[in-house]
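Going in written order, the chains are labelled A, B, C and D, and every chain counts its residues from 1.
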Amino acid sequence: MIKVAIVGGTGYTGVELLRILATHPQVKVTAITSRSLKGTPVAELFPSLRGHYDLAFCEPNVEQLASCDLVFFATPHGVAQAQVPALIERGVRVVDLSADFRLKDIPSWEAWYGQQHAAPALAKEAVYGLPEVNRADIAAAQLVACPGCYPTAIQLGWIPLVEAGVVEPSELIASAASGASGAGRQAKTDLILAENSDNFRAYSAAGHRHLPEIEQGLRNIQPLGANPVKVTFVPHLLPMVRGIHATLFAKTSSSASLSPSELQMLFEQRYKDEPFVDVLPAGSHPQTRSVRGTNMCRISVMQPQDRDTLVVMSVIDNLAKGASAQAVQNMNIMFGLTETLGLESPALLP
Amino acid sequence: MIKVAIVGGTGYTGVELLRILATHPQVKVTAITSRSLKGTPVAELFPSLRGHYDLAFCEPNVEQLASCDLVFFATPHGVAQAQVPALIERGVRVVDLSADFRLKDIPSWEAWYGQQHAAPALAKEAVYGLPEVNRADIAAAQLVACPGCYPTAIQLGWIPLVEAGVVEPSELIASAASGASGAGRQAKTDLILAENSDNFRAYSAAGHRHLPEIEQGLRNIQPLGANPVKVTFVPHLLPMVRGIHATLFAKTSSSASLSPSELQMLFEQRYKDEPFVDVLPAGSHPQTRSVRGTNMCRISVMQPQDRDTLVVMSVIDNLAKGASAQAVQNMNIMFGLTETLGLESPALLP
Amino acid sequence: MIKVAIVGGTGYTGVELLRILATHPQVKVTAITSRSLKGTPVAELFPSLRGHYDLAFCEPNVEQLASCDLVFFATPHGVAQAQVPALIERGVRVVDLSADFRLKDIPSWEAWYGQQHAAPALAKEAVYGLPEVNRADIAAAQLVACPGCYPTAIQLGWIPLVEAGVVEPSELIASAASGASGAGRQAKTDLILAENSDNFRAYSAAGHRHLPEIEQGLRNIQPLGANPVKVTFVPHLLPMVRGIHATLFAKTSSSASLSPSELQMLFEQRYKDEPFVDVLPAGSHPQTRSVRGTNMCRISVMQPQDRDTLVVMSVIDNLAKGASAQAVQNMNIMFGLTETLGLESPALLP
Amino acid sequence: MIKVAIVGGTGYTGVELLRILATHPQVKVTAITSRSLKGTPVAELFPSLRGHYDLAFCEPNVEQLASCDLVFFATPHGVAQAQVPALIERGVRVVDLSADFRLKDIPSWEAWYGQQHAAPALAKEAVYGLPEVNRADIAAAQLVACPGCYPTAIQLGWIPLVEAGVVEPSELIASAASGASGAGRQAKTDLILAENSDNFRAYSAAGHRHLPEIEQGLRNIQPLGANPVKVTFVPHLLPMVRGIHATLFAKTSSSASLSPSELQMLFEQRYKDEPFVDVLPAGSHPQTRSVRGTNMCRISVMQPQDRDTLVVMSVIDNLAKGASAQAVQNMNIMFGLTETLGLESPALLP
């Protein structure tokens, strides 16, 4: 059994980790931390966990965390970079669900997050935990930076096109929408149901923190000599709880000319061995509910009107493949377990 | 491995059975029937099942069904009573999720459902599949009539009070509300999102088909000599997908006088060995999302203002404990498996 | 033109008043106060009001308020009782949408609201603004206490039965549900969409502040010598924005025996001259969306199974007839205007 | 008073017309037709209209319709083209809310709608009812083709850029999302709440019928010699009732170079005299609820990261400015009334 701790267990990525790990056959959760709720039973905050966990929230304690095989950080940005170094020194493996170790360009991180980075060297060593790109490195990593929710959905949608160099990389456009759980379990007027139900809006269209992560990830897989990836990214808030839908637009390169079946084949081939990426039959539209509660990403690709603009649609559950389930996938890879262990249940539909 | 078939797999109780059984370690689903979608892969209708089932819908065939250890009927009322007798004769065990075998009083069934019953003798032999009442009989049963969704939530809420004879049984009042999946996967204008989102309404207040089932179940557990249970039952349609919340009112018997802690104890004692009934701490209000996708029923009991009217609140997932998960619980009991097998995952929250 | 000010304009009852008054032909809104947003244009906080109001929020100022013909208080409880006395002295008329002046029993108010009442004498003078009961007094009133949302829906549902003395008044049961706007525009984790969408739960079942208001109102209309009204009241939170649905249960008095048509007639007669109470045809179920954005209350009454328990269903828009539209109805009455002025639009359906 | 009839009154555009016209001071609705519901009172189908209309649905009758000043067609495509010619001959004015007369290119109409056009000559004469482009022609028109919902939101968003020739017209990209009422009041499994709540998906990404209408409208306003407009258009279905949000992407022309304030000014100038188009302050994101139930379109424009791709966000209520309110705006123009008459109420928020 892998001994696991979760730092920052009161948010949605924390409770989602607990939900998934409750039936994982190789994991035992030994500690869940929260300074503010110290002493409160986990099942009191999250009644869905009654009968599954006897643990109470505890204060983070390096000794206790260091006694675990793996520590998940499900904390706001800025927390992990302060606490992870001490754990890394003691040989503990870490999967960080926050944004702290995702960007290699530290000045960029500091600009987007508005604070100095506390562990820049570690950020360079961290492996970006997108298994569909970095599986081997993840297996060997001590510190994995689990991708953001939008970046997961968007990168998985564009990877086949960008890797193959068949679209113009400097003119990528992503219109994506997330369920409200993506904003976290925060007491903000902007997030209350009466403000958001029966409503739809974009936000951060002028610049969202996930943009540099998306561009970094896609640039890493471009063919040599390609124009660097540039993305226009507009996120939207959906009046629902879970799910991300990314609608991606890319212009075919003048040199490339793919028939519809070649386009479909390009995606199917790229993901044929991936347990958690499902390329839908040609002509399909993926639905967010088809992945609710699961680690799956479902993708469709189309070329409307046979024109130059390709459309890719990609859906994930923002809390699952977009956060906690992907973190468990990373853990499975790091510990040499079957990659799908604990992640086998179909989506909750309807 | 238990060989299982599902008759009527295109509705919500069908897809919910498939979701649960996909990870059940002792079950293999060998056939899913649908006349109208014969030949269509199950995963084409329900994209959430892609990668989990290779089966296509097939026409119901007695030989094939008879080769199974267990057949689930997830059909509209009237279907099972026509097809089940042939399977019973051949020794197959059956769990019927429809209303066909729930009522012992055949004239009452015929009055509420507006048709003649095709297998009245079998209805009398069928065991009512509420494990919290009939566990031993279920274990020995060949035919189990799985309870309705409202009757499950409502009976579990009242059982401790009615069994103990501490409330006036002829004046029970149930105000209950269900997510829209309770109405099934039907093409009706009344069910479309634009008619129901941001809307709430009662329906069938003058008489709902689940009423005689609720009264039958509660009368069966009354103390000798008690006035027979009579229930006023008003169901409501919630602008959401899954979940039933029953708010139950009962007047304390003039002879009975329970203190708040005795009341709480009565419920805790009654369900202390039940894996799927969770009595919440005094003062709590159960939430439907706390049981989403699970076989749990969570219950609270209160005595507002120390007056004579007790309030019980009971929540279940209408498709899970209210239908398919309870059907699997019945199957586990019938085949001597651990009762919780395949039903261990916590609820999807948020 | 009636010169009007609104104290506390940043909440939902404030913006609803502004929405209604924007097209009221006899009203000019001259001031909207908010200490925290002083100087912010109203249309910046509520983009729906762009083009309708040039006003900015201002600090409350007695001189300015005293120059108005009418001041609406759309404030949290405790605010109006501190500020209203100065206005009353100067002869300004006031409609208070908060709970401050609703209860005549000051100790009860103080117990339920947990603070000392600052203007008990004024509370006794205030007229309870339910026009269907107190129209004449409202016309003459200087201070009107606008009813709460649940009390409006529930009293209107029971008034015909309680006035006529045909039900047992000490065993009334109300199961009611409200859209999330009823909880106000507050930054609370419990109110965010991710916690409430696809979820349903009761709250304050042990005792809600609207209970004494409901009981006070109904006791005032009871026949002489009747047992005093006692209500068991369980409110619930709906995953939607606007609307209250009250499902009311009452036991017929042993002496009274009404046929279904007499029951229907009792309601139709009671409300035949009321412009904002609509008794639906026998057998109907009212829907909250049928009154969305309007001052209407729609009501149905039934006697299920011809048993002793009557069921009344009553719907209003919690922000409209449950607050701001009813406040405007009161204003119209106080100033001798046509009672329906500015309140004529049909509901927004779908 | 203008005598008005509505052909096809049982759908959402029909009931929305009735809602708006109920308080329009210059209109009297004299007939509402429906073959299937002939004789049913309108207020029985739509309880929101109780007390507002005494009419019952009647069969369409040319004599009766011809006695009106104006006939609105709120019918499925194919109906108006069969019935309108007889009315036009008799001098009646017509506003058609369906797609029948929107496209000038008849072969294109026939290809997209899969049937022969019954009145091609009339289609050429019809005026496209987007007042912000065709106000003068509408005033003089006998037959107005009211724009589709997506085309209204999308054209209004792009008009300033396309008219000014500052973006590359052949690479326009529209990612738009609609509330479920856009699909109409139809009994389809795909539309039921249990299939769509807590879900988001694109549809018709390979080609939607509104595409040729959008391209036609924008081509009509292009500067001479520009590359013809080509649009990639992906519509999505939102889990809510009303509202369209269009997120529009356009590449700046190599020749044009606008500063952020010039860009903002371009939009503000274009719409400064338009009563129903509201350009939000720079940096804002429009919300669908800010226009709920109104004829407003609210628009924002941004240039993220100062790159070459402009982002425009445009919101309308699909049933109001996207259908019935715009039809009333057209009527007001046709009859020389104040253009905003009957359309003055602010949006219902929350």
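The working rule: contacts are C-beta pairs under 8 Å (C-beta built on N, C-alpha and C of every residue); 3 or more make two chains touch, one makes a residue touch a chain.
By chain, UniProt protein names: A, B, C, D = N-acetyl-gamma-glutamyl-phosphate reductase.
Here the structure is a predicted model, which is why all the values come from computation and not from measurement.
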Fill in: Pair joined by the larger number of C-beta contacts - A-D, A-B
A-D
Discussion item. I'd like to know which pair from B-D, A-C or A-B copies the C-D interface, where a copy means over half of the contact pairs are the same by residue number.
Written reply: A-B
Response to the item:
Max Cα-centre separation from subunit C goes to chain A
Discussion item. From the mean C-alpha coordinate of subunit B to that of subunit D, what's the distance rounded to whole Å?
Written reply: 46
Fill in: Distance between chain centroids, defined by C-alpha means - subunit A, subunit D (Å)
38
Worksheet item: If you average the CA atoms of subunit A and of subunit B, how many Å lie between those two points?
Response: 36
Worksheet entry | For subunit D, residues contacting two or more additional chains | 12, 179, 181, 185, 194-195, 197-198, 239-242, 286-287, 289, 292, 350
Worksheet item: Contact residues on subunit B for subunit C in the complex?
Response: 171, 173, 175, 177, 179, 194-195, 197-203, 205-207, 211, 230, 232-234, 236, 238-243, 245, 247, 249, 251, 283, 285-289, 292, 300, 302, 304-305, 307-309, 311, 313, 315, 350
Worksheet item: In the complex of these two chains, what residues of subunit C are touching subunit D?
Response: 12, 15, 18-19, 22-23, 46-52, 181, 185, 197-198, 241-242, 278, 280, 284, 286-287, 289-294, 296, 298, 319, 344-350
Worksheet item: Which of the residues in subunit A come into contact with subunit C in the complex?
Response: 12, 179-181, 183, 185-189, 191-198, 239-241
